[in-house]
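Alright, structures below, take your time with them.
What follows is subunit A paired twice: with subunit B in the first complex and subunit C in the second.
Moving on, here comes the complex of A and B:
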């Protein structure tokens, strides 16, 4: 049966989107709804998509709609993304400026135009807890959903360790934080996989990464170190940094090994693996609903728990601050409290006013005008501060500093507010075009 | 999950429950269930009234977890298994669902706060039946031995449950019939210590510990009014001075005034400062004033000041030196420089010196004389909490800009604290009044007695003007301008003299580099 033309366009798009997924595309006969399998006691799925938002939405759909007694294994790989935990703070955990730059073009694609541009890096907030991780084509994610009585934080991590052992990888074990680590030499331990969990009344989900053959290990620490780290005090979970390393096996081999161990644990009742394609996932209303949530700036940035940003030590945050005086107006102090991305209170001092005024009360007026602004929609702090002040004020240095802290690059380059950056990047993808209604399924 | 309880666990629960029922309910409540019903799972009892629901253990020794978001609010109806909230502990985000049907009454935590395991996190008005196993191991906090017993019961229950991590569904919501809910201690608002720089500056000046004050601002923030009220209460017998707010003492507040009926008159005595002002201004009435006003271009001064402040910020501070210059020292110096050229403005009029001796002559000629003065003692009008005060900077002619600034700061600090010495106030020869700090463009200041001139400075504004660069005269540029309003005693000063003096001041302020030429 010939592929209908819209699906032809789709499979062409899938294979052109970089990086080339190592998970297979569905053949025509398999394009039935994967949802028909949701009642089986054992289910094994792989995703053909490399879109992180879509993969997490499929995973969430499986969590919510699968039979309560079933056990599911789901494997997927994402295009380059930084994934923060449910309750984390992107301004604290991620270097938004570096994320905006993307990854430098890869060398191996010969002569293709796509290789000359930088590869964009997605910013994703997942629904499970834990810390921030970096995904790319060299990293495969495994996810196990099971009933709560059967749940154990280490159980499936051990399963993956066995799978790696099968592939000849030595020295891997599960550590006390439920991560998979590899012992190299006598006393060097590297993290190769991190875990996170989501527990609901009826189901338990454990998912984890696994670094196989990522080419970007050297860039990860730069991406995950924010310039605002020394100035932000946040609630929520902080990431625990560990040195990372590739396991060094091929993606397909890993997937097969994990599936094999899963069958060993649970018996062969799972039947064949089901490959979930992009278009069949997008055909599900629930998946699309979850997808809209995950791609919205209100979720990515607006779910940030309360944090304070302050240029100088305060009572709540007495840490030493890095020296900023050389870049800023003399005596510049800034302190904000931000909740769900919205400024709750601000105290700015030390700006130079071009007017014969009482600086302190002007500072107060300016600070009050900043309240209720959403940080992720600020395009340029210089403009925002200028608008907030009723009298002319010198804000270029302060604005530049705050832009750097919050990952904003003013419209001189392409850029703008971080929320718009995200929306723009997502719109450029297949999933984004679908959500905007530009593609028909 | 409920079905997986062994009958031994149920019996244990039953025993505890029965014990508690006997102890707490007393003779009025008959034992509702016979032991033979211990095995029945739906030993339901209708439960009325609002029950605080404790946050049960979510496993792994976690004692507190953060509430990420609430799915309900007070007044929301919940059924069994409705999601209540999502919490996060370490790497797990956990959805917590309700064990009961009913209406949510109260949430004990906000999203973002840490919820303690084992303490109430939500109050539900239970309107359905509660299953017996939901009553669980009851905790009666009144009798410690009972607590011990029930605690041991919970630990023996743990091995009965599968050793897997307990999820939200496996939680046992423990009801407490008698647990006294301790009201959360009155916490100072989160932002109580977050006061704006202006408020903190004021608190330092008035010598007030900001943490002692209860803020009335948003989230408990301390505002300027709070500080003044606090100081007013502290210094109540000392002064009747009004607070920085411009309301006169004893005046009705606007809302009260609206509500008042007929015109009410409330006599209020003048403060000492007001009395002095009254006397001084009455004397000044004898002086015929004329006003000369002009617009001065401050653009160059703004740039110079910016450059100098940057230099000051990098240099180390020597004792008594200010760290930042305002515009006033430059203006004061410019006035002093013009006084060298037009010393009549630094003089005073003496009307009655010879008259006492001549009085017996019945001459009645009060021959006026002009007394020139060598030192430029420039008074600076200041608005303080106790009213208008005019301390004097002595001998401006011998001070440089930094010296003027330092002296100005010293006098300002003393004035606000109310500790100006008499010699700080005496001996002025000319006055400068910077009302632009507060507002206004043109003003007609009143010449102080024993002086002949006064300069009033308005607010700096940004205005468009035409460029003075030759060849570009049509180009519109930004300029910062301020209005200088001079008033002088027309008995001894004529318009032309004042205008020329004002022009000197203007030329210096508009081109401050001129001062370099006069450096010694």
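Moving on, here comes the complex of A and C:
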């Protein structure tokens, strides 16, 4: 008899950090390889993982490999994450500096800190459309995969509304944006759940968040407000800001109620829910392939639609700009166009050169040297500008300003490029350890 | 293009069938006036992509159908295919986003992408206006070199009349 994979010992080639990450497994009674169920007409899965990249990769695997006529419910909760839509711009949607700091330790009832260090926040680009959302343990995600002819943008949001009704949550409804909102009193409406969709040739996927008991709602707005907002004009999709709140139910109760409503819609054919463990998910080559894609800087940053950053109003983006730092040279101008993370054209002007040179032609040389650089790999703008200039130039203030705009903390300040920040944060997790080859299944 | 039939259908089924009939009729009308169209063959997939094959059967232009564009609603971003890429029929070559939905665009036949319509990146709504226009300023997505395999794939696709029938049937399902 083959041992269920979770019971096999796994070895770590390197053990350095503590506490050691460990893979979650369903308990032995729950073990049934989830891939065995992919051909059933009805399937219900829950993830044992809280890793946002892995959960989205399991979901993508279900989307691609389940029987085309099947209908699937998948439920999962993630560790703290900011999740941007497929065609969004992380520099515009996210305060990367705040994200880098993570969530401060919370206090328990006795006033003692529950963790010594800040909790990291993952930056994730999902494969579906729509805007940016925040996830944490107090937010549960539902996902329904069905054949395209059965697809309807509201149908499964309505299913969740019924589930919430079952739990005694009043005043919730699906709005015109296909989100679930809660009417409080007569004139206040809060978003409690956001919807997004991915439609492929053979399958349709609708997934949504549901804020249940997040302790971080007060921090979401700050995380989702970029310092560069007033300076960036982007192609692609901009988020629509909405006031949010929790519905105030437990994760387990929510899952049971959603599963119950799913069964009401489609019948009991799914049998028991299947719990997907991290180890068995990582044993699937296709899941790992999706995971490598989702965690790569090329996807998270390189997928960004073209945008233009400009310190001053332009024909294309005539908005008045906020006053930029006083320390900057009086006539400092910076404008560059970035496509898929790569600078296509740049125009920097007004820097102070130390040599007695024609500043305008120096500006041009410096600007040209920025072309082809990838913004998410820039470690420090001061260094980048200095290297781009053939003559000594005063770049400290301009560098600091651009670092702030693009969420960079320079290496001297224990920082680095935003791409490195993301890969570094992923490396510290069990999924990162696995991808780096430090964990064998 | 993914099958998007049900998105709005529940709301106004009758209106859609009418739109489909009109748009198909209009498409034929437009093509009659198009200079390049004289000897082209236009085919459609069940996933709502169209392809025009040139008279010499070596190159083609592809896009998504007017029917699909209407069903999708306001298109806010088009992820264009990669120039130079060789693809098989049915492969995902790009995507469009509308109403929070990322919808795959699939290759209607096996082909090599030779040119992409960069205008769509800046003006994605062009697809909502002129989805089946393969001229400059139109909503076409890519120009392609059609392989021999691609020519065989083409035989499995629907012509204008069959596609019209197909969308009407889908609208009435």
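We adopt the following convention: the second predicted complex is superposed on the first by the 404 of 441 C-alpha atoms of A that agree within 3 Å, B and C clash if a C-alpha of one lies under 4 Å from a C-alpha of the other, contacts with A are read in each partner's own complex, and residues count from 1 in each chain.
Please note the rule applied: a contact is a pair of C-beta atoms (placed from the backbone, for glycine too) under 8 Å apart; a residue touches a chain by one contact, two chains touch by 3 or more.
This structure is a prediction, so every number in the text was calculated from the model and none was measured.
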{"item": "Superposed partners subunit B and subunit C on subunit A - clash or fit", "value": "clash"}
{"item": "First, second, both or neither for A:129, with subunit B first and subunit C second", "value": "both"}
{"item": "Touched partner set for A:199, first subunit B, second subunit C, both or neither", "value": "both"}
{"item": "First, second, both or neither for A:184, with subunit B first and subunit C second", "value": "neither"}
{"item": "First (subunit B), second (subunit C), both or neither touched by A:149", "value": "both"}
{"item": "Subunit B or subunit C, by number of subunit A residues touched", "value": "B"}
{"item": "Partner chain(s) touched by A:333 [first = subunit B, second = subunit C, both, neither]", "value": "first"}
{"item": "Contacts on subunit A seen with subunit B and repeated with subunit C across the two complexes", "value": "85-87, 127-131, 148-153, 177-178, 195-201, 204, 235-237, 305-306"}
{"item": "Interfacial residue positions of subunit C with respect to subunit A in the complex", "value": "2-7, 10, 47, 76-77, 79, 90, 92, 95, 97-104, 106, 121-122, 173"}
{"item": "Contact set on subunit B toward subunit A in their complex", "value": "1, 4, 58, 60, 66, 68-69, 81, 83, 86, 88-95, 97, 111-112, 162, 164-170, 190-191, 193-199, 201, 218-219, 221, 302, 306, 309-310, 313, 323-324, 327, 434, 436-438, 457-462, 480, 482"}
{"item": "Complex contacts: residues of subunit A adjacent to subunit C", "value": "85-87, 127-131, 148-153, 177-178, 195-201, 204, 235-237, 305-306"}
{"item": "Footprint of subunit B on subunit A - complex, ascending", "value": "85-87, 127-131, 148-153, 177-178, 195-202, 204, 235-237, 303, 305-306, 314-315, 330-331, 333, 335, 337, 339, 344-345, 347, 349, 352, 354-358, 360-361, 363-364, 367, 392, 394"}
